[in-house]
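Supplied in structure tokens, the structure appears directly below.
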Amino acid sequence: MPIIRLEMFEGRSIEQKREFAAAVTREACRTLKCQPEDVNIVIAEVKKQDWATAGELWSDRKTG
Amino acid sequence: MPIIRLEMFEGRSIEQKREFAAAVTREACRTLKCQPEDVNIVIAEVKKQDWATAGELWSDRKTG
Amino acid sequence: MPIIRLEMFEGRSIEQKREFAAAVTREACRTLKCQPEDVNIVIAEVKKQDWATAGELWSDRKTG
Amino acid sequence: MPIIRLEMFEGRSIEQKREFAAAVTREACRTLKCQPEDVNIVIAEVKKQDWATAGELWSDRKTG
Amino acid sequence: MPIIRLEMFEGRSIEQKREFAAAVTREACRTLKCQPEDVNIVIAEVKKQDWATAGELWSDRKTG
Amino acid sequence: MPIIRLEMFEGRSIEQKREFAAAVTREACRTLKCQPEDVNIVIAEVKKQDWATAGELWSDRKTG
């Protein structure tokens, strides 16, 4: 019954989410020996102003 | 000090959240022997394009 | 497809977890209009030395 | 490699998030003996209708 | 900066975790267009007595 | 009502957790304008075999 959660910056397309879900489910089943219908993936998109690394918001970074 | 988190598809009404919070808090207190004011419930609504089961986004499903 | 997560101090019996799971699933189905088999509940037990309120670890508290 | 997550009501300014991220990263490094670049902070803003204490949604509270 | 979290029953080998981490990181980079060093995966193992589906603890199930 | 969660490798002392909790609560109150008793901090310790960066478990790393 694996539950997989993905947190990433917002902005990926639905096509990218679709490919991520398919590929990660396939690899989870292969490596963890489970059935596809037992794998749930939940995606949370995070704004750059809500994520900080090294104490700095990504929205404040020059690059990123 | 239980913290309860609910992830579900978006679209439920505030009345449904209100009833869920009241009922789950009551049952948590009864079964876990805690006080209502110690129970926090946090709800996260997830879009169908952000949830996959069996490798398929729920937004791509014919039914669901 | 609700996922419900419970964080609480360690120490509850398996009988309490069993009653919590049954009752919360029943109330989730009633209030959120979903089927029991769609409700997953995951419990995480937290040690008192890993939970702080008001800046104080619960393992340091005189009462709690 | 600490990951720190903050859940709070929506409504704080980006300046408050910036100060929180800087201060908490600094204190995490000081107390946990890690490097700033190893600290990730992720903020999730929660609506008052998605948070309940004592079984009551905060959006239903007179004060809060 | 994706963060990926995996919750599953306890009992998988470290070799399975190793393969899962390698494969999922590779697929995350391919589908989300990110660098391997930006991908963090955190695994949480859950006891069967701490996971319920359809209101029943997995430790109480005859099969599963 | 901020909830703060810390995930880090296991191995820090209770004294380090105590200092982290006190310092982060103080900074959260200062920057987010909340009361200490409203701040909950939950710590989760993660084994090196349960955390991967760049597709490699930290338990497999030569350094880290």
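Letters are used for the chains, namely A, B, C, D, E and F, taken in the order the chains are written, and counting of residues starts over at 1 for each.
Following the convention adopted for this analysis, contacts are C-beta pairs under 8 Å (C-beta built on N, C-alpha and C of every residue); 3 or more make two chains touch, one makes a residue touch a chain.
What you see is a predicted model; the values in this text were computed from it and never measured.
Visitor: Select the interface copy of C-F from among E-F, D-E or A-C: the correct pair shares over half of its contact pairs, counted by residue number.
Guide: E-F
Visitor: Have a look at B-F versus C-E and report the one with more C-beta pairs in contact.
Guide: Top pair by contacting C-beta pairs is C-E.
Visitor: Where the centres are mean C-alpha positions, what is the separation of chain A from chain D, in Å?
Guide: 20
Visitor: I'd like the Å distance between the centres of chain B and chain C, where a centre is the mean of that chain's Cα atoms.
Guide: About 13 Å, centre to centre.
Visitor: At least two other chains touched by the same residue of chain F: list those residues.
Guide: In chain F, 1, 3, 7, 24, 40, 42, 44, 51, 53 touch at least two other chains.
Visitor: Quick one: in the complex, what on chain F touches chain C?
Guide: Within the complex, chain F touches chain C at residues 14, 17-18, 21-22, 24-26, 36-37, 39-45.
Visitor: Residue numbers of chain D touching chain E in their complex, please.
Guide: 1, 3, 40, 42
Visitor: Quick check on the complex: what are the chain A residues that touch chain D?
Guide: Its residues touching chain D are 7, 44, 46, 49-57, 59-60.
Visitor: If we count contacts the way the header does, which residues on chain F are in touch with chain D in the complex?
Guide: Residue list for chain F touching chain D: 1-9, 12, 16, 19-20, 23-24, 27-28, 30-34, 51, 53, 58.
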